[in-house]
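Before I ask anything, let me first share the structure, which is written out below as structure tokens.
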Amino acid sequence: MGHSELAAIFGVAASSSAQRAFPFLTVLVLLPAGAAFLLLLVPKSVTTAVRSIGIVTTLAVLALSAVVFGEFHSGVGGLQMTSVHPWVAPLGISWSLGVDGISLFLVVMSALLFPIALLGTGERENEKSFTVWLLLLESACLGSFLSTDVLVFFLFFEATLVPAYFIIAGWGHERRGYAATKFFVYTFVASAMLLVGIIALVFIHKSQTGVTTFSVSALANTHLSSMAGMLLLLSFTIAFVVKAPVFPFHTWSPDAYAEAPASGSIVLAGIMAKLGTYGIVRFDLALFPHAVVVIAPLLMVLGVIGIIYGGIVAAAQRDLKRLVAYSSLAHMGFIVLGAFALTSESVSGAVLQMVNHGIYTAALFLLIAMIYKRTGTFQIGPLRGLQHRAPLLAGTFTVVVMASIGVPGLNGFVGEFLILAGTFITHRWYAVVATGGIVIAAIYMLWGYQQVFHSPESEAPPEGAFPEMTWSERAVIAPLIVIIVFLGVWPAPILSRITPTVDNLVNHVVQVGHANVPAPGLPAITTQALQGGSGQ
Amino acid sequence: MIHAAFLIPAFPLAGFALLALFGKRLGNPLSGWIATALVALSFVATVIVFIALFQRAPSARIVNEPWFNWFAAGRLRVNVGLLIDPLSMTMAAFVTGVSSLIHLYSIGYMEHDEGYPKFFLYLNLFVFSMLMLVLGGNLIVTFFGWEGVGVCSYFLVAFWFGRPAATSAGKKAMIYNRIGDAGLLLGIFLVFERTGSLQYTTIFSRLGNVSGTDLVAIALLFFLGAAGKSAQLPLFPWLADAMEGPTPVSALIHAATMVTAGVYLMCRISPILHLAPDAAHTVAWIGVATAFVGAMAGCAQTDIKKVLAYSTVSQLGYMFLAVGCGAYVAAIFLMLTHAFYKALLFLGAGSVIHGMGDEQNIKLMGALRKYMPLTALTFGIGWFSIAGVPPFSGFFSKGNVLENAWSVTPALWAVGALTAVVTAYYVGREYFLVFYGSERWAKSDSELVDAGHGGHEGARGLHPHEPGRVMTIPLVVLSVAAFFGGILNLPVHPHLVFLERWLSPVVGATLFNPHDSPGKVWAFSLVEAVLALSGVVAAYFLWRDTVDRPKLEPRFLLHAWYIDAAYDRFIARPSTALATFSATVVDTKVIDGAVRGIAGVVGTIGGRLRKVQTGYVRNYALGIIGGTVVLVAYFLIRAKG
Amino acid sequence: MISILAAATITLPHVDYTAILPELILLGGMLFLLGVSALVSRPIPTEAYALTTAAIGMSSLIASLFLWHLVSDHGAFQAVARSMDVDGFACFGLVLVSCVVIVASFFAAGYLRQEEIRGPEYYVLALISGSGAMLMGSANDLILIFLALEILSIPLYVMAGFDHRREASAESAMKYFVLGAFSSAIFLYGIALTYGATGSTNLGEIGAFLAKNVVVSDGVLMGGLALLIVGFAFKVAAVPFHMWTPDVYAGAPTPAVGFMAAVAKVGGFMALLRVLLSTMPTLASTWQPALWVIATATLLLGATVALAQRDMKRMLAYSSINHAGFILVGVQAGTIAGAQGALYYLFAYSLLALGSFAIVNMVAGKADDGHDIDSYRGLAKRSPFVATSFAVLLLAQAGAPFTTGFFAKFYVIEAAVEAHSYALAVIAMLSAGVAVFFYLRVVLTMFASTERAADDALEGLSSDGGTTSLLTRVVSAQGTEQALKISPWMLAGLVFVLGATVVLGIWPQPLVSFAHQATLLF
Amino acid sequence: MVSGLLATATIPDAITFVIAAVIVIAGALGVVFMKNPVHSALSLIMTLFGIAVLFVEENAQFLAAVQIIVYAGAIVVLFLFVIMLLGVDRNERISVENSSAQRIGAIVLGLAVLVEVLLLGTGQWVTGAHSVTGSLTGHGANVNVIGDSLFSTYLLPFEVTSALLIVAVVAAVVLARRHDGHENVEVEIGGKEARELAASRDAAVGHDADQTSAEDEASLR
Amino acid sequence: MSIAASWYLTLAAVVFTIGAIGLLIRRNVLVMVMCVELMLNAANLTFVTFARELNDVGGQIAVFFVLVVAAAEVVVGLGIIVAIFRRKPGATADDAHMLKG
């Protein structure tokens, strides 16, 4: 087992930053939660104060995440800015945070999307509670991405459910109760398995080393029998694939995405879905290299089915939000495919695509919310010819749609390309089928776009006028569009920070997972992995 | 000077940016002029770089111009950069040249359109994308341009988005293109997997390590991409629908430039194609088949632009025939001349449509040569050119293709030659229906209601007229080019084959040279001239005065061999049904049904178990005693003695 | 005569009053209350009794902590002729019961004021019951455990029947009493068999006997153990000995339910843990599978049947059965970690149960009626604080992170996994997944503003209780629009419970260490 | 069987045991099967007496005395007192059982318990260590031994029983308490409810009986 | 020597069983409580027998405590029963099934 590799993955990369005086990451995680508690003291009626506290906090988090981004050493794998404090000492749980190439941009993306979710969706009932929940959700999401202690990760991972539940159930649409409950119970049951898996792993580790610890870096050193590794991997993965979601564990998502309020959809699809894929990359790959190699084909099959199936079902949707929900299923399929293809290219692509998907899906939901605000419907049927009234909205929508179907020059392309190219190297036929997904994506996205924006205006336009985007709406969507274009044209600064970590990770998985058989690029990975797994 | 190459795409990009930001404020004529000027500047830059390249030694004419690292992960390193070589500069020159003219023409053509600035915005974006496509130094930059032109094509075909037909056509174009793109992407992946690089120059230097099967696979996958973009069998039906876009768009994108990107791509990967003869033969046969199918479909169309659209399909088939025969120069040569005469024909058609008040049905035209003499003249030049009548440019370029086909196999030549006759005939049919015969547009509407879709209100009381100068100047320039285009590559003397010598550093190694026997060349030329003229004559006799000849316009040709209908019937509709089935049955009933079913079962179990709780205290005591019995029984079993 | 008396001089054992101080404080306080009420002629407000009870509880808490301090400094010891174990484990129980008594006194004050019931009896019963629970945790003799069990239970029977106005209260008391007496008879028979098999009722002696001897013919021993388990399982409401729970919880006065849910489980589990882990570890391989099955049945039945409930108290009753299953998961592990998990769980659950039932009482209002889930519709409008608090408590019961509920579940699952009971761990978590559904249903109902939302949650789930017509629901929703009146006493108790749940959820270290050290000093 | 009984014991012992056992079992069966609760209570006294005899037989003279005094003298009297107080001394229709499953289950499971307990003892009943708490045959009489042990080893349990007795007192107070002011209403409602309930119960029982007989008839035909 | 312990113990088991069955089949709550007393007495007999066999005083002491418990239990139980009967004279255990499910 390559200890040096593990050190490279999890070790503190830059010693200078390790002892940094200011605990950026801890503040990053706790700031929104703290503001939420502060907010509880503010009277409900002072809406302006409530709003401004929410906005200032989320913007402060954004600024802080920018600082983290700035402090991050590019070209270096491993965790940076780590901070470790014992939390529940008798149980071996510690408050340990760290950021590396995998989590950095997810953090920045979350920090960016929360102010947008808060700002971009207009007035609402009971502003205070909403802001409190959203801030708590932000803390939970950031905590999940930054935790390097498995249990702390799990805590935050679970903690996202509660605010998300309240946001859906409290401010959602028609069938919000059903959707919220389904979302909560489904993901809760799935992550229950994760908890058992985590604990089992910790005890196997303890039986080998005598140390009870939940630290990812320590746990990655655990020697697992092939059976144990497989079961643990399954317990981890079930939680992640439900959260992502991956076919066939997705049926909560169309309901949840569709019934959630706009900001809820943005956070759900943009950020919380990434918790699942992030978990796959961060934990599945690092902790269970042997088992991952064996089971990768299965998950890749699910990913590929998700790509095709998600596209096909999306094409039959008559509701804009459900359409985007199913398109998310397809995109998550790409990410899972990339993550389990286990090449540097595909995993980097998967990580990048998490960010990309977050950005353009958020933008899509934001735009759909603008349409809803003007027309009161998500149904594609009654919406026609909106481009006549709002060419700018239409144009913005076009850009986002193009990003979502992976047009080069916009951000969706690079991730998808890396995933497919990387997958093609090791698993040719998966990539071939998945490539079909980009055709389907064009079909359903353009169909939806055409229905809503093109065609003559319907004779009875949906109630009232359809005004062009207001300046505040433009201000909210503009950063997303800028990022969509920027990441499409010049993703190199992002990738240069992602790839060192991913390279280490992939090397670790491939070397450990294949044990002594050097097999990059050979197709018969499954059998080798079995030999490797039993040989250890 | 070669470093100035970045200016070539930069000008149209700047135009795009300018119009995107200030398009509305710049207003109607100004934005068009700015766009045109920037494309013209791009043309100038191209010429300068071209000359700089020309001044170099032939062996030093392949220059990589890397700009910056786009993205990199694992082995994959992708730079944004240009490849300046004779092929790309030839393409750039003709793209910017033709684009400039069509921009100029559009200023007039679109003057009354409310989306005027947006139109030029898209056009500039298109030119930028097209230039990135042809100048791209690696497959990804090319793919960037490739997708970019596809997207612009989508925007421009669906430009009049209020018309359902237009938006559907745009979507259709995009989807067909995407199918091709998927193939292209897979080809790119295969190239990357086998050579570890995507930079053209590097790829070609590593081909030795790639197995023959892989090369065939790569070539065919690239051809799938090319077929989508260049409307080859079986992916051609979108092109006819794409005629819903404004005519300058049809001229620029769907005749001169974008659709030829596939041909360019195949020429670009000529080293691969050269090593994969099986793939090349496939390309040749598909090309010639497309040429024939397209030409036949052109014989029965009634829409002035659709005739030209199928003609484009057919001509592109010729180009692929050339590519498949290894005659890359011939393909490029035909591409250039085709760009001239097809753009000319489209712009001529545009003038007619413009003059006829947006009427497109050729059966409702007639005798327009009296009202639009210049258009008629230039259209005629275009016709003769495409027909291959000597000494028009088409004669030389098409001849070149056919000679190469003969040397591969006479069968290819035979189909190509037959197609040449048909080509001369159907464009002639269109020419006579539009410019000769009686003034059918003056008739009352009532007789024409069922004749076609074009019979709208404005047809009555028409006063066909020659368009303004911005529109006629491009016509004239293009007709000159269409007439004299042949001198680019005159096969009469080895020193006169300029194009061939110019391109040889790129495709030279694979250059197919049929010029060893002058007699053979002359013999071919004679036969081809006869074929072209026979088509022209046939058109003259059949269509000079007659409007309807149902036997010559069979329905299956009008519907382009029913291929589109077949796709709809056998692919689109089953797919829609599958989608509906997946969404309503598989997803909601099966997958979600399983989830809800589990929940339901748990709930039902809870409900059943609840009934055990009867409320009678003695029942509860029974439960206790029962539990005790079981528990004691267990311990009894575990007891040792 | 004199010589006989002289010969019969009894050497009294040394009575270490410190060791039994917490129990003494509770019992002495109880006598004080009784005495005061008898001596003072004017009616004393119930709040005064509550405050006194809280003070008594506080004193006993201090005494317990002092004892804890003593134990952690000088190690565990046995007191009063080895009838009592004074160890960390016992101290945990003492502290926990003291806390329960304090909190319960606040809720009781609110309830009794609301129902206008005077007199100290409720508090007296609670104090006695509490002392019984304390004894359960520290008793070192099966006879004493039996006595403690009765001291714990008998006041609870009375408390169940405390509400004279409702017939259900009397019915629940009767059921509880009959079944309780039945099970304690079985338990006693178990003690008798154990006594015959081992020669003593003293746990220390039994442990020593079992450690030194191999009982060849161990049928009687096994039978005794089985019947002991039955007795405890009844007390903690484990399946199939749980059937009294829903009925008693539904019928008894609501604050009493909270109290009994807490102390009965504490007492039962503490004694069970001590008997199984400290006295009969040598038989672990025998009793573990039995507890495995009981735990599984308890987990699953509690979770699934709760789904079908519309009455809030019954739902919480089944949920408490589910919780008992979780604690059994910890017990079943048969390890120190399992004991820690069970202790932590008991602590977390006791407070959650007290708080939850207190809120149920607040919502029901005067007459302690109206526990149908429809009474909770729109609660968030009537009292956002109560609704939010209830949501927090319910989510904590579901095991939401950053509440004590999460670490409680985590701890017992950890123990199960450590003991390689993977299947049980998975079953437990699945049952938590089912349980979360009905907690969420309540939450949804409270925060629903429309009539439809809550019913949507039931989609796909057939519920027997769903027969109430829409009309009556609308009426009941309209009838409860006015703001909820909350007694300040209840509010105080609630704030304490909430604070403990959240603070110890975010910063679990103190409680975890407590449980950790409690079991180190067995 | 008799030989088994006499294997270790003297004849008087055996006779005493048999008579006492018969009394005990007869009493126990009487408790269960007597229709009138008063008779049940009297049967209970019979059992308690028998058990007291057995206690004497087993050298637990003190317990035998207490058994009679406390159990028969106090507890059963309490039962009888309550029966009389409430006037519930009418016969219960034991033959009528709404749930035959309950009865069958009760007997099957009850016998199963018996069988199991007897199976447990097949090997050896008594396996424990001897005289752990203290020898019975130590100094002095049975009372002395018990007293000695009670105030030394079992001091704490002994003291704790006081709590039990207080519970009993408080419980009696609570349960017998009448609500000031509300009680009248309560009684009225209670009375009405009770009447209705009694009526309905009678009807239900009667109905059940009718139904049962009808079913019987049906099955006969 | 006296009668073998197994006889006593078997007798105790029989009484225990009769008590248990009685509790399960009788509807009169008072009789049910009496049945509990039977079970307690069975346990007592067991205790005393074991005490004799083990020559140990503990068993007899246990019986002493059981007597106290039985007394307290009966007082409380009868109190509850009285409370019920005050509402519904003549009620049986089966009449109290308002709470169920």
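Note that the chains take the letters A, B, C, D and E in the order they are written out, and that residue 1 is the start of every chain.
As a convention for this text, a residue touches a chain if its C-beta (ideal position, glycine included) is under 8 Å from a C-beta of that chain, and two chains touch if they have at least 3 such contacts.
Model, not experiment: these values are computed from the prediction.
Common neighbours of chain A and chain B, listed by label, are C.
Listing every chain that touches chain A and chain D alike gives B, C.
Counting C-beta pairs in contact, the chain pair with the highest total is D-E. Nearest to the global CA centroid, when each chain is reduced to the mean of its CA atoms, is chain A. Here the CA centre of chain C is 26 Å from the CA centre of chain E. Rounded to a whole number, the gap between the C-alpha centres of chain D and chain E is 4 angstrom. Centroid to centroid, with C-alpha atoms defining each point, chain B and chain C lie 77 Å apart. Note: centroid distance chain C to chain D, computed from Cα atoms, is 29 Å. Residue positions of chain C touching 2 or more other chains: 143, 147, 150, 154, 157-158, 161, 164, 167, 174-175, 178, 182, 186, 193, 195-196, 199-200, 202, 215-219, 221-223, 246-247, 308-309, 434, 437, 459, 464.
In chain A, the residues that reach two or more other chains under the touch definition are 185. The set of chain E residues that touch two or more partner chains comprises 9, 16, 19-20, 23-25, 27, 33, 49-50, 53-54, 56, 58, 61, 65, 69, 72, 76, 79-81, 83, 87, 93-94, 96-101. Listed by chain label, the pairs that touch are A-B, A-C, B-C, B-D, B-E, C-D, C-E, D-E. Residue ranges on chain C touching chain A, taken from their complex, read 395, 398, 400-402, 406-407, 409-411, 413-414, 417-418, 422, 425-426, 429-430, 432-434, 436-437, 440-441, 443-444, 447-448, 452-457, 459, 508-509, 512-513, 516. Per the touch definition, chain A reaches chain C in the complex via residues 87-91, 151, 154-156, 158-159, 161-162, 165-166, 169-170, 175-178, 180-181, 184-185, 188-189, 192-193, 195-196, 199-200, 202-203.
Put simply, chain B touches chain E in their complex at residues 610-611, 613-618, 621-622, 625.
Residues 182, 185-186, 248, 250-252, 309, 312-313, 315-317, 343-345, 348-349, 385, 387-388, 391, 398, 402, 407-409, 413-414, 417-418, 420-422, 424-425, 428, 431-432, 435-436, 438-439, 442-443, 446-447, 450, 453-457, 489-492, 495-496, 498-499, 502-503, 506, 521 of chain A are the ones that touch chain B when the two sit in their complex. The touching residues of chain C, counted against chain D in their complex, run 7-8, 10-13, 15, 20, 27, 30-31, 34, 80-84, 117, 119, 121, 124-125, 128, 131-132, 135, 141, 143-144, 147-148, 150-151, 154-155, 157-158, 161-162, 164-165, 167, 193, 195-200, 202, 205, 209, 213, 215-223.
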